[in-house]
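The following pair of complexes shares a single chain, chain A, combined with chain B in the former and chain C in the latter.
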Partner chain A sequence: MKRLTVIVGLVCSGLVVLAALVSLVWTPYNPRRVDPGHKYAPLSWTHLLGTDMQGMDTLSRLLVGAQTTLVVGVLAVAIAAIVGVPLGIFVGMGHRFVGEVVARGMDILFALPALLLAILLAAATGASVGTATIAIGVSTIPIFVRMTRAATLTIMNQDYILAAQVSGTPTPVIAVRHVLPNIAPLLGVQAAASFSMAILAEAGLSYLGLSAPPTTPTWGRMLKDANIFIAPTQAVIPGIAIAVAVLGFNMLGDGLRDYLDPRLKEVR
Partner chain B sequence: MPLLRAAARRLAIFIGTVVVASIVIFLIVQALPGDVAQTTLGMGATADAVAALRERWGLDQPLAVRYGQWLVGMLHGDFGSSYITGASVVSQMAPRLAVTGWLVGFSVPLSLLVAWPLGLVAAMFRRRWPGAVVNALSHIGLAIPVFFVGTVATIIFAVNLGWFPANGYVTLGTSVSRWASHLVLPVASIVVVQACFLARYVRAGFIDVLTEDYYRTARAVGWTRWRGLVRHGTRNMATSLVTVVGVQIASLLVGAILVEQVFVLPGLGTMLIQAVQARDLVVVQDVVMLLVFAVLLLNFVIDMVYMAIDPRLARGGRG
Partner chain C sequence: MTLLAIDDLSVDFGRHHRPALDHVSLLVDAGQRLGLVGASGSGKTVLASAVMGLLPDNAHLTGTVRFQGRDLTRLPDAAFSRLRGQDLTMVFQEPMTALDPTMKVGRQASEVRRLHTRCSAAQARAKVDEIFTRVGLDPVSQIADAYPHELSGGQRQRVVIAMAVMNNPSLVICDEPTTALDAMVQATVLALLVEELDRVDAACLFISHDLDVVSSMCDDVAVIHGGRIVETGGVDEVLDRPRHPYTQGLVATARIDAVGPGQRLPVIDDFSSTSDLVQAASEQCDTPAPTRQDR
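Up next, the complex of A and B:
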């Protein structure tokens, strides 16, 4: 069962990465080529996944769409980890007052999900991949803070931390040398889980037109633009792609967790 | 009265959080680069015209003054007027609030109602196939975006079967049956996703119950497993579920905004998206503030209810 999770996760996420890589060097057609003569072509050998309302090849757009999905996901998780992990360690290792302030700040971020943040940023500066990435990244920070803090707290009770403290090791050194390496596996699992959530969020934002501009093929926008009365498959295909990507990285994270440390199984 | 003091402290924190949230929202919208007046008039506009528009909208005043006016206005129930149409934001918001309210109001109890039996079955048969099936289903349900669920539901039940309208909205006052039929698919889409999420917590809650002494006692005196879990388990599982629902309310709002787009419902989400497209900053700022306030308020209320149920929390606090 566990092995099945890892395998399915690897296959699904691998497919998405492969699609993005392949699209860098080759796509069946130019994903932006409008062909009015072949609107809503059905699935066939010339157009494997058919064409959309402007005659653009769906398979080509699907492959290119994987790029945006992965780039936004990676950058958003990076933002969340770079801000959230040090904050979480800092709070977990120390000060009560700082902890309280950070906790309240995280409360606000919890009430301001990626979608609302993206809406605010888009209203102020115009929607772009950048605003979408920042919005998803910032709204993921609390998850990293909370998890890092909890992990740090358990580590702080260990004897080796006490030994380091008694021998006069400066706190920042303890944080980098003892705390960080010990919570790293947990961070990896969190990164995979957050990555799949980021993909889901990006799909939602591009569905609402709050991410990449209309000229860039994204899965969310393909789903939004599809005409379900004329060609419902054109909506189903990108939808499945999103689900496969989210499910893949999610299961990869789950499998990773069991593999890295069986004791972590019950930690959510 | 430690309980009262703890409640007062929570209230102070709540008010502080709301104020800070309003500052954050205001600063993102108003202080980031990007001149609304220039954008609205287009690049060809003369400097004089832009300056005149800025003055009319009060954009020439310092940030702090504008923030103060916005905050004081909201406290008096005046949310300002739209940059684009000039209509008061409150009058635009009221009918849309009802649409989103119905959507969320039906989705929360229904998703709990669906999640409860799913989680129960998953916990009860967690080592056999029904448990595995429910588990896998909830995993898959979490991976499918709510707008895709809505789209597929439309294709099946509106386009192919014709049971429900594909999109649009009819007010309750116009026709009850048509109002209901327009809400079925949107609500069902949200419920599918939310129930998958909640089912995992219900399952975890029931599995905890299986190891409790009171459950063992119930079994020992001859209660069946079903009766033990349902009678004793539900109440114990429910307390932990309340917090989950609180955390989940933000994602529920996001789901509602997306679903409104799928089914072209004239709710707050649609208002928000239209305002972003038109760069109508006042409307965006107000609606986002309202939604964030709703989420914070709900979490505050849940905190208070919790404290009333379990006075131990008043002493320690749970943050």
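Up next, the complex of A and C:
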């Protein structure tokens, strides 16, 4: 059962990565070529997934859209982890009072959803993939801080941290050599989960026009542009793509947790 | 020469000042092996933590802990860090949890070396190989490359002992180092510990609740009960002719072979109600409830 989760997760997320890689070297048509003569073409051998209202090839746009999806996901999780993990370890190892203050600060940041932040940034600098990424990344920071802090607090009670202190190891060295490796499995799982959340959030922001400009094909924008009455398949296709990506990375994270659980490590 | 002088040390915890150590005074001479005996919760581990400067934030400490003439309770963190792992080291009770599960034991040991000695990674590694061989970890290269969970309990404790004596400390605090091991392994690990302590000429504060182990390991013994030192003296003297009723009970309850089949095992309370003197002493002993559990 666990292995099935990992396999399905790997296949789904692998498909998304494959689509993005293929689109770098080949797409059936230019994903930005407008062809009014062939708008709303049905699924056929010439246009495998049909065309949209401007006659642009859906398969080509789907493949290129995977790029945006992955880039936003990776960068957003990177922002959250780069800020959140060191901060979480710092407050976890530091004085209790500092920890409480930061934790409450993070609770306040929790109240700011990615959407609100994205609207704010879009209003200030104009909507782009960058603003969407920052908005998603920043709103994911509290999750990372909270989880890293909780994990650090449990690790700090372990004898080997005491032993490291007893050996005169400086606190920053303890943080990097002893705390970080021991919470890494948890962070990996959190990263995978946040990654799928980021993909979904990016699709949502694109749908609202708060992400990539209209010239960049993204799954969220494809969903938005589809006319559900004239060509319902054009809405279903990007929807399936988003579902596969989110499901894939979620299941991959789940499987990863079972595989990396430190409690199972001793048995292996 | 006095190495460690604990003078009038009291420790309590939390906002309500729950006492854990009550005006404890204790001397350890250079090269001396002092056993510290007491029940769970009597304050043994708190005493060790106080000496190592590892009390939690909510602990309040009064009195002095002088080590090589310096008062540890007032030592700045940086100076204390240099001292710990160099002159003052510790062997933990549970070797599985005292080693980082994500780091190879050879690397953990060489890190202890490199923190306190200017040397290259290769030099540190050579030193680790030397010490690992000395403590009987064989084959060295294979064990140094293993993670803690791949070693047996005895091997892990050998690694911990190797790390404790690596920098030629002058005092090693052992917090029930053999409690987690079976009787056979316990004997060999204790013999190894004695040998290594003698080799580096280190004093030892040996915390235990096992009177047999203490009598075989230590020159002197201190009995702690309810956060107070109730009796100190030479091992033979204290264990053969205990003066304090708590010690009398401790010694008598340890003699399981004196109890015939079907007879009730003696408990400490039996000795607290035999005379008025004992009664008074035990009341005195029982008042401060020990707060922090011994690990």
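Just so we're on the same page, the second predicted complex is superposed on the first by the 261 of 268 C-alpha atoms of A that agree within 3 Å, B and C clash if a C-alpha of one lies under 4 Å from a C-alpha of the other, contacts with A are read in each partner's own complex, and residues count from 1 in each chain.
Methods note: a contact is a pair of C-beta atoms (placed from the backbone, for glycine too) under 8 Å apart; a residue touches a chain by one contact, two chains touch by 3 or more.
For clarity, every value in this text was computed on a predicted model and none was experimentally measured.
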Fit-or-clash call for chain B and chain C when the two complexes are aligned on chain A: fit
Chain B versus chain C as contact partner of A:54, first or second or both or neither: neither
Chain B versus chain C as contact partner of A:200, first or second or both or neither: first
Chain B versus chain C as contact partner of A:107, first or second or both or neither: first
Chain B versus chain C as contact partner of A:160, first or second or both or neither: second
Greater residue coverage of chain A in the superposed arrangement, chain B or chain C: B
First, second, both or neither for A:247, with chain B first and chain C second: first
Where the C-alpha centre of chain A sits as vertex, the angle toward chain B and chain C in the overlay (nearest 10 degrees): 100
Touched partner set for A:126, first chain B, second chain C, both or neither: first
Closest Cα approach, chain C to chain B, once both complexes are overlaid on chain A (Å): 13
Complex contact set, residues of chain A against chain B: 1, 100, 103-105, 107-108, 110-117, 119-127, 196, 200, 203-204, 207-210, 220, 223-224, 226, 228-229, 232, 235-236, 239, 242-244, 246-247, 250-251
For the chain B and chain A complex, residues of the former touching the latter: 13, 16-17, 20-21, 24-25, 28-30, 32-34, 132, 139-140, 142-148, 151-152, 154-155, 159, 166, 247, 250-251, 253-254, 257-258, 261, 272-273, 275-277, 279-281, 284-285, 288, 291-292, 295-296, 299, 319
Complex contacts: residues of chain C adjacent to chain A: 52, 54, 57, 81-86, 89-90, 92, 94, 97-103, 111-112, 115-116, 149, 160, 163, 295
Chain C-facing residues of chain A, complex: 95-96, 158-160, 162-170, 177-178, 181-182, 184, 262, 265-266
